[in-house]
Amino acid sequence: MSATPVLAANSVSMVFGGLTALSNVSLRLQEGQILGLIGPNGAGKTTFFNCLTGLYSPTTGNVQLRGQVLPTDPAAVTVAGVARTFQNIRLFPSMTSLENVMVGRHSRMKQGPLASLFHGPAYLKGERDARDRSRELLEFVGLGTVHDELARNLPYGDQRRLEIARALATDPKVLLLDEPTAGMNPQETEATRQLIFAIRETGVAVVVIEHDTKFIFSLCDHVSVLVQGQLLVEGTPDVVRADPRVIEAYLGKPPDEVEAEVRQYAEEAAHGGPESTQVMQPIRDQDGHEGGNR
Amino acid sequence: MATLLQQLINGLVLGGLIALIALGYTMVYGIIQLINFAHGEVFMVGGFASLATYSYVLPESWRDHGHWPIALPLMALGGAVVAVVLAVAMERLAYRPLRNAPRLAPLITALGVSVILKEAVRLWYPGATAPVPFPRAFVDEQFRFQLGEGTVTIGATAILMIVVSILGAIILQTYITRSRMGRAMRATAQDPDTARLMGVNPNRTIVLTFTIGGALAGLAGVLYGIHITNVDTEVGFLYGIFAFTAAVLGGVGSIKGAVIGGFAIGLIKTLSGQYLPGGTQYDLVWIFVLLIVVLVFRPQGLFGEPERVRA
Amino acid sequence: MLTRIVRTKAEKGHHVRNQTVKAAVLVAGALLLAACGTNKTESGSGGGNNQSCDQSKGTLVIGVIAPLSGGLSALGLGIRNSAQLAADQANEKCAVPGYKLQVQPEDDQATAQVGAQAATRLSSNANVVGVVGTLNSSVAQSVQPILKGKNIVQVSPANTNPSLTRGAEYGTAPKRQFENYFRVCATDDLQGPFAAKYLVGKAGKKSIAIITDGKTYGEGLAAEFKKQAEKDGATIVATAKVGEKDTDFSGVIGTISGSKPDAVYYGGEYPQAGPLSKQLKDAGLNIPVMGGDGIYDGKYIELGGKEGDLATSVGAPTDTLDTAKAFVSAYKAKAYKDDFSAYGAFAYDAANAIIGSLGKALTGGAEWSEAKRTDVISNVGTYSAEGATGEIKFDQYGDSTNKLLTVYKVSGGKWVADETGTFGG
Amino acid sequence: MSKPTNSVTGSVAIPPGLARPLGIGGGVLAILGALLPWVTFLLNDGAYPDKATLQFFDAPYAVSGFRLHVLLLGVVAIVAHFIPVPLRRVLRALGWGLIGVAAVNIVFPLVDGGGFGAITSDGTNFAFGGIVSLIAGIALVLAAKTGPLEPVPQWKTSVPTLVAYAVLVVSFVALLLVVAMMLNAGGQGGVGNPYAGPIFLSLLAFLAGVLGALHGIGLTGWISGLSDKHKWFSVIVLVLVALALPFTEAGTDYWMTTAANIGVYAATAIGLNIVVGLAGLLDLGYVAFLGIGAFVAANFSGAAAAAFDIELPFVVAAIIAAVVAGIFGAVVGSPTLRVRGDYLAIVTLAFGEIFKKAAQNNIGGLTGGANAIPNVPPINWFGASFDESLTIGSLELPSGVLYYVLIIVLVALVMVVFANLKNSRIGRAWIAIREDEDAARAMGIKTGQAKILAFLIGATLAGLAGAVFAHKTSTVAYDSFQFIESVTLLAAVILGGMGSIPGAVLGAALLLVLPEKLREFSDYRLMLFGLALVLIMRFRPQGLVPDRHRRAELADEGADGVPIEELNVHDTPGDEKAVTR
């Protein structure tokens, strides 16, 4: 780990009022790496994500992209090259999938208000390029057929994929995925796994939050375990999987039960009718997770 | 000095009235995030209702000033009852069907309802195209104190106004924090779904909220009537805006905020009229300037819940 | 993707056609059935008007432009009804030989743009002989040019802004603005000074506070009052403005009370003046409130106007004027839903001025045509009669020459004439 | 919560067996009703129109006006049974149309004439036309309830271009004629025609019924599909058609003036539509920008009371007005950086009131205060004064026609601006913010800038409209810009359909035409306005011409009668996610 990491969080701490959500969490993401971030609910995974993407400004510590300290403004962070998806899907429900992705292109397009007003040739070219690129990305994530479908009408799995396409549209160097397979059945999960590998092939480093340990261990080159806002263990999947502290702290029970739990989790997700419909309205569900005050 | 004190008193009286109305705004917003534009009109209707009680219900013999101990409570009752019925009907017929509609729908509906109410009174209450005289059914006394070379005046109705508004706020506060229904209210305000799971009936709670808001508005209507001694279809909008501003200023959803906001606005109106450039013709402007400044530096209002970022 | 239709067609196939035929037959039947009816004509005879007068030549229209909806409707409806009254009386008295007069009220919503629409609507009706209105000066400003375009006479019962007739430099370089525009009400620069002379001179009030409602009428009146009052040696110790819809004046009163005025001049109308007077009294400032014809109304006293308050109004005292009494009783007799309010009597006179001039233009059974409108205008210019507000006559600018003003005082719970005179300037 | 009577589920209560009897019976009854007399005696204001006061079966071929409408509805209802159409949809539309027509022509004689005698029997004459027609209408509606509504058939839009053009031209011209007919229904009203109001209303009901039926068979959908396909052609034709209005029966001074005012409001409403419809920011003080534009233009118009006595050419003045208004827009918009959702409502309302107060107090001597700025001269290009009437060759065009043309051009321009922005990077950014502000930021959108830009552009358009307003109205007074006007503008946007391009224009047109056509009821104007607001929000919150996105959502349902539950559109401004809680 000698090369400068593409993304580095340096001893990030986050304190809401009284409670400490994160304390001195550091993380190094190398080029072309897939890094998994696991931990029990309320461990501060999403809070950490929000720090990485500038939604929260860390109480102490900072985040660097290729050695440059990132600002704490989500828009600027995205422009700098860090894109994300949301745990509870946050698409633009009444825009078509294509439009959703084109919004992703926003920061990479140059037309100002005047150009948008007069639709000159340069503008039209820009639009065309954006549209083509967006189409590519939809193809890439396997939504080639549903350009003109309203996002809200897409099946749950497709919504997750669309969110990834939208994030990719910002030409990120680093992609942060917040529980990309939550509520997916094994097939969808597998497809997502392949998708993430494919994304890595395009030279984008990826950080993934997941509950599904099996998924993480089979996906990532490097895994960090977050427990009660502190980095417990990090290393290769094998190392982490073997580490008794993980099993203890994260699951509180021996490995085989873990496997069982994981399987059961996957099955629930498989025929998760009610659950999925419930998540299909990202707007409806309040911040049920560690949101915390700003 | 006398002037300052006088203006402080005037401000407090006006503030008390605004606070009473603002409570309705703030409670409704707190529980269903709806700016009930029509609430100001409920106050206005309350005023007219109590007047109607006086001139159509109250027996001739009791209308003379001496009988105010009977007349006033009756009028207050009349005003409050009508206001409550109106508020609840509004919720039931206009707002409840839009419970899950886009956020703008109920707001526009509220605007519509307020127009309807104002017009209904203007068209169908005898003589309401112009202000209608209102009996001062209370101790018709003006207490005066010499202060320096100036005198300070405060009317009995003015005192009543302040007292009632503060009492009302305190009772309401305790009710909401202590009583069972109060807890239900706060629960529903926090998170309707969970509240339902906890066995709270949101609809009942919401109706209760509108009831309380309506009652307070009706009460404000009577107090306004006996203090100003006339009532007019236009006052609903005017004081509605004041109260609404007060609620936002104090932080919508907070009882304390509404009351303090109300008094703040009353005081600003009178004091700015007295001491700031432009005088009385710009007092409204000063109120709004303050509002904007507060909101810019504290978007959730003085005592409001800070907004939370979801991700 | 002509999906559904195609399939249904396919299924139904041939007998769609003959079903359509059936339909045709059926319809034809219905119409046939209808056809075999006898031809009777209208039952009853046209119109319900069987007056003694000859109204064979048809109907002529007097337009009224005033706010009939919203906050100012009280005044607007008063104007409408009074004009209606005038028209009805004219119809009974056969004032216009051969024609029936009708009033067409138009709501201007108290805004200029709607007023313009109303004016255009009337002006494009060939039978409109004149217009009574408007209430708001700003509306008048948008109505004047439109009616001018069609030479329709406009007589306003309520516009008191001098510039409407004599232009921006009405004081120094008066210049007639629109020769089709007249008004029966006194302009601010008459009433204001007259009031000042009385209040300062006769009543001997030397330190006066001025309160206005920020509207055209009140502002103008107060401004003219101020000029004269200061000329006559009074000091304006305080000026304040109340919000258009304000009802709690404690703040305003507070600001003026410090300067210890011995009288208040209020530029505005009775709905606010009454309560203001009462609240002044409550606040311990038991000083007279004086205002213009906008507060000379019974409602003012009901709303709290106190003993000793003063108001100026045009013409000789109404209770000495038979015409005025006649108007009031006639209006009461009609039992309109709304009070005739501040400008009713003026509207009545305005309508009568138009009717009279029209009658003159059509004497000898002349036919009405748009060409006659110019005659009507010139006739109004020379019109002269005793109206409900005194003598109705217009000067070369279209203003009422009735420079006679009366000061009324509240005593015994009603307005009593106190002094009548003209303003010498 | 009572669902609208005509909900998707159709609430099947009537046995399907009754479908045909009810349907055809209804039709026959309607025809009968048309031929029966409607009013027994002469009302005070003279005979009720269209010979409604006749004996049974009088002059069947002379059946005119609303009676003809009833007849037609009935005939169509019968015919519909024998041709392949989505019957229940058509019947429902026709039924409601009938009910509307009947109700109007029953209620009016009832209240205006003399009680039930007028519409039933006064002893000697009998007149049950109204009641029969009403029953007919109800029968049709019930017939439509005998089963679930059929889906609206989709006609194929891939027709030869020429055909498409022809269809568009025809339909737009038809539209023009219908509009002219509506505007002229009952003549200019007033004392000339005391029944203008009911005539207009019943025509409205009739047209609504017909339109509903046409929609039911998928025609309107097809046409709008075609016009979507040939956007530019449609725009051009539409503008030409609009310019042709002065040549129709509606080409009177009165309608020219009204139309010009409508144009001013429409342009302003489109500006507001950017702020509310696209960016999802509620503005309750919007009329202020119209006012600012108007005052600026008035001050540069060379009017006597103007602050500066320089007279700039209208175009220059208009541009200055637009710029100034735009700047104010940016200022008003700036709190949006911090203030979100409903709180913004009160802030904008505050700005509106502040503007009014400032104008009333003649701030900086720029507004003429209570005396306003009167006698703003009419626009004058190449010696053509815009308030004069215009003669081209032989035919004389009504005065104000030039303003009308100007305003049409302006509105067209503004619509193009709106459309271009909407389908651009900026537009997408705005919609994204409306949909989910946090997500939008996470996509690299500088939300602050975008929001202020929305206010800026919106206000600019309003300012432009204001410049025309100043000259058209010839006086600019603070009391033309009250709170209620802001509400009206907002209502226009909502009524038309938020974010939809033609919406704001349609909304503005309705909100200004209705009060004009119904001047007889002007006492009740505001009351009806309020009722309209409430009912629209209850039954059609997506507006009359919903934005494409919403249309996509509602495609399966079609235009009418969507119960609110279905319309739970998350993509509307101020929806929970616009404000994070």
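Couple of notes before you dig in:
Residue numbering begins at 1 within each chain, and the chains themselves are lettered A, B, C and D in the order written.
Rule of thumb we're sticking to: contacts are C-beta pairs under 8 Å (C-beta built on N, C-alpha and C of every residue); 3 or more make two chains touch, one makes a residue touch a chain.
Keep in mind that this is a model prediction, so the values were computed, not measured.
Fewest steps needed to get from chain A to chain C, stepping only to touching chains, is 2. Taking the mean Cα position of each chain as its centre, A sits at the greatest distance from chain B.
The count of contacting C-beta pairs peaks for the chain pair C-D.
Rounded to whole angstrom, the centroid-to-centroid distance between chain A and chain B, based on C-alpha atoms, equals 48 Å.
Note: centroid distance chain C to chain D, computed from Cα atoms, is 32 Å. In terms of their C-alpha centroids, the spacing between chain B and chain D amounts to 35 Å.
Annotation for chain C: residues 73, 214, 241 touch two or more other chains. Counting only residues that touch two or more partner chains, chain A has 53, 55, 86, 90, 286.
Each of the following residues of chain B touches two or more other chains: 237, 281, 284, 307-311.
Chain C makes touch with chain D in their complex at residues 1-5, 8-9, 12, 16, 19-20, 22-23, 26-27, 30-31, 34-40, 42-48, 59, 61, 68-70, 73, 102-107, 109-114, 116-117, 120-125, 127, 136-138, 141-142, 145, 149, 161, 163, 167-168, 177, 214-216, 218-220, 241, 244.
Interface residues of chain D facing chain B in the complex, by the touch rule stated above, are 1-2, 276, 282, 335, 338-343, 345-347, 349-351, 353-354, 357-358, 360-361, 438, 442, 483-484, 487, 490-491, 494, 498, 523-524, 526-527, 529-534, 536-538, 541, 564-565, 567-570, 572-576, 578-581. The part of chain A that touches chain D in the complex is made up of residues 53, 55, 73-75, 78-79, 83-84, 86, 90-96, 99, 102-104, 106-107, 109, 111, 113, 115-119, 123, 126-127, 130, 150, 152, 166, 170, 281-284, 286. Looking at the complex, you find that chain D touches chain A at residues 417, 420-421, 424-429, 431-432, 435-436, 438-447, 453, 457, 549-550, 552-553, 569-571, 575-577, 581. Touching chain C in their complex are the following residues of chain B: 2-3, 6-7, 10-11, 13-14, 17, 122, 127, 129-131, 133, 142, 144, 150-151, 153, 155, 227-230, 232-235, 237-238, 269-270, 273-274, 279-281, 283-284.
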